[in-house]
């Protein structure tokens, strides 16, 4: 088994909703970014890529490339999951922590879990979505942006560590 | 095996001690929070819950609920460990990184490890407590609060990834 | 299997290069620190030590000890990897996320991966190096320093969780 981590941040800008873990949530700001700025899915994409040493989200989807402008980040996660499977990996579990003062994540956890279960083609009990505030401290506490931490564990067939 | 992450922050306020990983440490401030504000145990609770997709610490222990006021965070960790075991999980290891400029954690590591070994009912070599400063940078560096990162790995019986 | 995490930060100071994941990169600043301040390798050292509950980098290499002044952080990683192996562990994978606005990490990823493969004596596909900016937010965004997050998974022989 191999475990990867992921970390991402996006800054707020004027707007009326954010997209977090594939779910659109009404909010008094939006997240800035080339794609839909889904900070949770970007962190998860990195965690999945890490389990097979396949670079990071920027390697596969350069922000300078206009074809990714405004796209749903679901395509990044699905690309990473396909790559993991192509190398013989099976996803044991995926875990995302969203760090923000607002919006509240709890009411959307079920929808996020359902969406991720489809994206990753694994059962819902293998998916975890957590949220915490930063207790008003730092850039998250000043509501300048949202951070996310992800972990993914993948079992590779016949994989015996050296 | 499934691996979960946890992240938590608590802000300093006037006081004379902090509680970290179940150990009370004399300090010139305390951590603000509804419970004993044990940032290390809160991060670990989230990491354990994540291994079985069981929501987060706020799902199980809402800060708005007066019954958790001032309680020892040990009960949160023990709740999460019981839940993991009820689902057939065995805790392979637990790891906590405390991020603060002060107090010094090293002199209390042995006591923290012993306490966590009891809480989780696993041997001490399966528990890791680490500490680092933030090199005077950011909210941790300005001594506005303490952050913690946790990782927990749990083996679920007969668990074959999809 | 046991999974450990690591987190480290180093502040910038005037200089002309930084050392990241064992590779020297020309830059308009350097990272302050007692050793070569390789924030990625320090986080990885902590993640490795965590898998066997062996304290943290400060336990093994106190910054107050003059013998570690200016040394290459490779010796910290190699020490941790030896310790893991002495306890019967085999490293399944190692993953590092570098968080900085600059310098760019991508052009050096191959060299970093090669260097880490040698240090850890594991194949390159077991190593992951990722990078992300902090979107100009917080101390990383203000280019006051660089942060790193690491994860290491280690299989211990005959290890059955309790």
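Going by the order they are written in, the chains are A, B and C; count residues from 1 in each one.
What we mean here is this: contacts are C-beta pairs under 8 Å (C-beta built on N, C-alpha and C of every residue); 3 or more make two chains touch, one makes a residue touch a chain.
As the structure is a computational prediction, the values presented were derived from the model and not from experiment.
For the self-contact between subunit A and subunit B, the two sides draw on mostly distinct residue numbers; the shared fraction is below half. Matching CA atoms, the turn from subunit A to subunit C amounts to 120°, rounded to the nearest 5. Averaged C-alpha coordinates put the centre of subunit A at 23 Å from the centre of subunit B. Subunit A has residues 1, 3, 5, 138, 149, 151, 153 in contact with two or more other chains.
By the touch rule above, subunit A contacts subunit C in their complex via residues 1-11, 32, 46, 49-59, 138-139, 144-145, 149, 151, 153, 159-162. Remark: subunit A residues 1, 3, 5, 90-93, 95, 97, 99, 106, 109, 113, 121-128, 130-138, 141, 149-151, 153-155 touch subunit B in the complex.
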